[in-house]
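There are two complexes below, and they share subunit A, which is joined by subunit B in the first and by subunit C in the second.
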Partner chain A sequence: MKHFRLKKGLTALLLAGAAFNAAPVAAQNSDTLVIARSMDVNSLDPARAFCDTCQFYLTAVYETLVTLDADNKTLKPNLAESWDVNENFTEFTFHLKDATFADGSPVEASDVVWTFERLKNLKASPSFLMDGLTSAEAVDAKTVKFTVDAPNSEFLNKVSAPYTGIINAEVAEANGAIAGDTAAEADKSEPWFLANSAGSGPFMLASYSPEAELRLARNDSYWGTEPAFSEVVVTQIQDAVSQAQALETGQVDIAMQIDPDTAQSIRSGDVTTEVVPSYNFLYIGFIPGAKDMADVLTPEVRQALALAIDYDGMLDFTVGGNGAKQAAPIPNGFPGTAGLTPRAQDIEKAKQMLADAGQSDLKLVAGYPNDNVYGVDFNIMMQKVQQDFAAVGVELELKPLTWAVWRDELGAGEWPVTAIYYAPDYYGSGQYVAYFGMIDGFPWTNRASLGKGELVVNPAEADLYAKALASSGAASEEAYTEIGQAMMDDAIILPLVSPNLVLAYRNDIEGVRYSACCNLPLAEISRK
Partner chain B sequence: MLAYIVRRLISIPFLLLGVASVSFLLSQMTKGDPLAALVPERMMSNPEIVEAVKAEWGLDKPLPVRYVRYLGNLIQGDLGTSFSTRRPVATDIAERLPATLELVIAAMIIGTALGLCLGLLSARFRGSAFDSLARIFALIGSSLPIFWSGLILLYLLSVRIALVPGTGRLPPRVQPPPTHTGLYTIDALIAGDISLFWQALAHLALPAFVLGWAVTGIITRLVRSSLIEGLGQDYARTARAKGAPERVVLIGHALPNAMIPLLTILGFTFAYLITGAVLTEAIFSWPGIGSYAVRAAASLDYPAIGGVTIVGSVAFLLANLLTDIAYAWANPRIKVH
Partner chain C sequence: MAELSNALGTAASRTRFVGLRRLVRRLPPTAKVGAAILLFWIVTVLTIHFWPVADPLAMVGRRLQPPSGDHWLGTDALGRDVFSRTLHGSVWSIPIAIVVVAFAVAIGSALGAVAGFFGGWWDAVIMRLVDVTVSFPPILLAMAVAAMLGPGLANASIAMVIVWWPIYARLMRAQVLEVREREHVEAAVAGGAGRVRVLVVHVLPLCWTPTLINATMDFGQVVLLAASLSFIGLGATPPSPEWGSMISEGATRFYNWWIAFGPGMAILSVVLATSFLGDGLRDAFDRRAG
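Moving on to the complex of A and B:
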């Protein structure tokens, strides 16, 4: 009896062991694409979403009028087959293709008008893309015309941002979405968008569980080329090391947030890693409007501090050399940046300038988010700044903060130095001027001046910005180069590192690329 | 006994109301931008967006108004909508709590079983090589940081030798079983899907062991010292004098007496782990309530903070009640009034 029990027990144990040992459902030949990512979703409603995960989700589910080609520069047709722009860049007319939404209904000009009006009126995070829009008009069922209040040669680029993806107006309205003037208060559709989708893209939302899993199902009635996978699962894996492990074991096909250091530790021969330049960058910003700083952080002092930084050393220190220096707060490769030369360290000149300004024994405080973004640890980056400032006699106290506290103290002018990052919403340099330009009322002007605009406003930039938006091609690029140079002279924003991006995927996966507008175009990915 | 339990249960809602009030006021008084989870960093200097969001979420109202509204909703069972997930907090908790319960229950079973066995054997063979090894094992379990032991074990057992699967509750390609309890192992059995049950169990094994190992450490040491103390007591001597073998003295006499401190620790540990298994959840991508709590606190997600506080309080109150009842069961001399 005892012997029998033992045998039975052993068999059960072996069976259990075999089950434990069983590899996860084989990745090979699977019709499901699995992506590891630490998700940062704030919403799945195109007009409310604003995050890196949102960019590729929206690209897969909703479609924009135009989109960015694989060269990350050229705009190509998407829902619009062609477009006309008037001479002074104030009127944009799009001619729509014969596309259909996932429910089979046609994508019409009225849907486009409804989508853009809602995006503007919701007053949500991506609403800025519709700034200056004065009218949206459906000329006929397949033609839509937009008018903006001032020349804006970047409007076409803006409508390639995934947040402008066209929504099936009828379906969305039936579920509480509102496009009119009252949208900000009356639109109650956000919960619906977290569980459903109403786009014309190659995929549809299947299910979403915050910080756990985002599941997309192929849109079987997709009007364009059918995507290779019937299902895409984005699974929450918090850190780079765990993502790499999941990739090595075949649990996932793609890992989106592996830093170059972790990539080097991957031993599996079944994994491909490609290091590509990104358009993301981290920077420090000076706040002359902070308490008691108006007479301290003068343009000369800011220039001196900019010269104190060892930019080459910064790359080694933060990303082990896997990144690029960046001159102005416009990413390398964007219009106007070719003519800009990144700063170089000049300690002697920096010391001299500080002495001339009577600030040889300067003490500053830097408040920044205690976070790791794009593989860069803010603490490490700021320790390098601290070290470099010390070399010119400036003492920098570091104050790492949670995001909530950082935001609170930033607005209160608690400290004069901060650090933060930026990732593009679309391909175009105008978004950077609109954010970093020292133009009255612009975001970073408000941040740096804290109500004392005269400390930072650079009137030349407003004119140059208007000039850039009123022209295209070489003339526009030239204006952006001049603005870039002017922003470097302001020395309010000092880009420190543009970290490279690691594309890490199983060898049987192809079509993985980094897009400046859309992050990771899912419909282009297939299994060999 | 029954009257006692009913009395304790009736007091819970009142205690919770107090806890909710303190949690609401403390989180509102915490320094930080309450819009951190609602308005992205780049939009925080846009007054139009900030005002629209404040109005939408009621943050433009004075604190007393918000407090009264919060309590009013709470009494009706509405925990509010999370700033981060934009879903009802109750939905979030209902989705995440079972994941944590499954992990913590499994960890407690592993930790208690292992801790009891090791403690018993250590006490029985006090001073032997086994005793030393068991104590070292226990010490490592309770002192190794989980983020280290978890990552190392995951690397060795999953990546290198593929003994256990990777992170998460199930392989990403697999659909979870239909929800009955939210515990995937149980739901898979209810659905009669044995293969799914094994997959869920395989995914549960390593995180539960890592968390259970930490519990093992505490229990082994506690059981060992209580038993050694018991073995030197008069009742043990009397038992021996009456001819009872050492095994009987240990299990029949000393162990029941060691149960009282053990029950206290078990109850407390269980309640603590409901919201405290954060690191295990993070390393094993386990979508539980601990990681939800940390994210809520870091981003000042007031409604989520309130919801998690209530869950944590319920866990402690129920664990205390169950521990008190278990005392009476373990030691008939203790009466509950």
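Moving on to the complex of A and C:
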């Protein structure tokens, strides 16, 4: 036993050093683009994938009908060269370009119909994009028409989400993919999609080894402009510091997850870092449906707690000031957010409201995933919340949990406060209402009420949402502003910080940008 | 030193303190250094509330400041004083180590003594249980138990007791097996003493030395394992300034090296101290025996 004591004693220090395990990949001057990232891939099948890594992988390999321009607002043609929308936003007709899949076969309306039906019928994570789709028909080989059950001015934006990338139906079907009603049970193609791709994009999947490497090869018969790199390698590097080191030493060309604090400590003159606003945000959520909380977490108490938080301090402590405050659970810059003012701290009012509600010595428990997302350490963020709550006499006990335990306990209503994050799937505010709105049956309504809908449902929001979807432009934005205000008054979701994003790359790389739909458009990147 | 004197207190209470003094004299200098470090931490645990250091939970300066005259070990991501947090960390780590080692020794020794002395069916059941437990890597078993019970230092402590008791069961069993064959024990049995009385009065008092040495050394290991569990998020919950969770906060900010430096050195000092002291004690006892 004893001979190992000293060595074991040092492991405590080495634990921290274990972070340095960058994969040895040579990058500079080659025809290969190497990207450092901690990959969160859940699947590489467009209809099943749902992750930040998936967003840029799918964008490079599969193509959507429309896509988001570099201004992150305007939709531009992709596989569809033009589209028509009927007056009440229920029928959408797309006219396809003469594009081809990687195997040379043409992209036809039947592929689009097949892809959308499969996305809907698989009932997987991104299937919500097809909610309300009642029919998809191929008018002719190059024209496809979709009908939705209720006005949806956001449908066009939805089909810019990378998960709606068009799949080569013949190839996928030959490998077990099914688009029909039985898809959810009968489709057995997921393993095939982990090793192969069937898209029309500028890249093809070369290989994927989980927790190690995602390798893309150029699609040599690409119908559009040929991408600059013949190969793209995404190499798994877990944390920001290791990614920064790999970037400084030239092992990688781009590091995707460097936080602003780490970016400041990069001293190499060969590296460019740009700090840009992101559309990601972290928030705390209240769960009045949790055990014994129905009479405690009333709207007044929630509003009081929302006033207790020091939002400016939160920005400083979580991201060193490299971020933005956010009013409602709709990211800054999305439709309708211009008219919303972020909350400000008001300790006296918060205390008064708590006293009026008879909750002067409130004790709450917060369960949250013990993770570091978008450069924000949940533990740091929640300790700040804990301190702010303490200032108004509310004791908050923190329970950092593994993701699996967090999910279980969330569903069981073990604790009334949680913290989590959200990133957009496309440009449009409707997705936020569809997720955070206190509308019967919506995800966060279920989460917060745990079956006791009367605790949280806000009937006004359903009407406003319908109004927003039935209009476009200014009218739609106005409705989203009203919903945003209503969600702020609900005080179920409190956005704490929208962290800035660091684009960090070697000086010889150009074309790196952040896209609201697609994360990092690989095909636009080149070496000087 | 109360534990130590008990351990040596066989029958002759008058020679107890003479023996203790002789033992201390025999300790090598490294062991004395180790004892001094441990003493420092124990005094710190008992008196930390009177120390003129910053509140470990309060923001006392700007965040992520390197070490300076105001903040000897800098400030962490929430602007808290790392020096103060490191000192306060001992309030979590040291008592936990004492409790875990005490429980592991009590449970392990009791079961080991029963297995060794009574043998047969008792021996088979207890020692198989020991075998099963030690067949898991300790950190893995501790993680599994802590993950099952949920985060928190109390649960982590339970996990560590479960990991640690088998060592003492084996130690005590081996010792009891040897001592029970001695003549004075046979004499006591022949004299008609009950089996339990023979075990407690005539056997156990002669069996404590290896356990004591091992417990001293394990003290540091428990501090380390507790920190490891906190490091991976299964031990202390925020905002407690537990050493492992402080290192975990520092690990994601490696350019701000001072956040992990304080608690890292604290763990290092405890582990080294107990290693030194344990080694010294073993040598001292060995020489006495020989």
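Convention: the second predicted complex is superposed on the first by the 500 of 528 C-alpha atoms of A that agree within 3 Å, B and C clash if a C-alpha of one lies under 4 Å from a C-alpha of the other, contacts with A are read in each partner's own complex, and residues count from 1 in each chain.
What we mean here is this: contacts are C-beta pairs under 8 Å (C-beta built on N, C-alpha and C of every residue); 3 or more make two chains touch, one makes a residue touch a chain.
None of these values were measured; they are calculated from a predicted model.
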A:Ile420 touches, of subunit B and subunit C: first, second, both or neither? first
First (subunit B), second (subunit C), both or neither touched by A:Lys384: second
Touched partner set for A:Glu190, first subunit B, second subunit C, both or neither: first
Touched partner set for A:Tyr435, first subunit B, second subunit C, both or neither: first
First (subunit B), second (subunit C), both or neither touched by A:Thr249: first
Partner chain(s) touched by A:Thr402 [first = subunit B, second = subunit C, both, neither]: both
Subunit C versus subunit B, contacts on subunit A by residue: B
Partner chain(s) touched by A:Asp261 [first = subunit B, second = subunit C, both, neither]: second
Subunit B versus subunit C as contact partner of A:Val241, first or second or both or neither: both
Which of subunit B and subunit C A:Ser30 touches, first, second, both or neither: first
Where subunit A meets both subunit C and subunit B, residue numbers: 16, 19, 239, 241, 402, 405
Footprint of subunit A on subunit C - complex, ascending: 57, 59, 63-64, 77-79, 147, 150-151, 167, 214, 217, 220-221, 224, 227-228, 231, 233, 237-239, 243-245, 247, 249-256, 260, 264, 267-268, 271-272, 275, 278-279, 282
Contact footprint of subunit A on subunit B as seen in their complex: 31-37, 39-46, 48-49, 52, 55-56, 84-87, 92, 95, 151, 154-155, 158-159, 162-168, 171-174, 198-199, 201-202, 205, 282-283, 285, 287, 291-292, 295, 298-300
In the complex, subunit A residues that touch subunit C: 1-2, 5-6, 8-13, 15-16, 19, 239-241, 261-262, 265, 316-317, 320, 370, 372, 377, 379-380, 382-384, 386-387, 397-402, 405
Complex contact set, residues of subunit A against subunit B: 16, 19-25, 27, 30, 32, 34, 42-43, 50-51, 122-125, 127-128, 184-185, 190-191, 194, 209-213, 233, 235-239, 241-242, 245-246, 248-249, 251-252, 402-405, 407-408, 411, 420, 422, 435, 443-444, 446-447
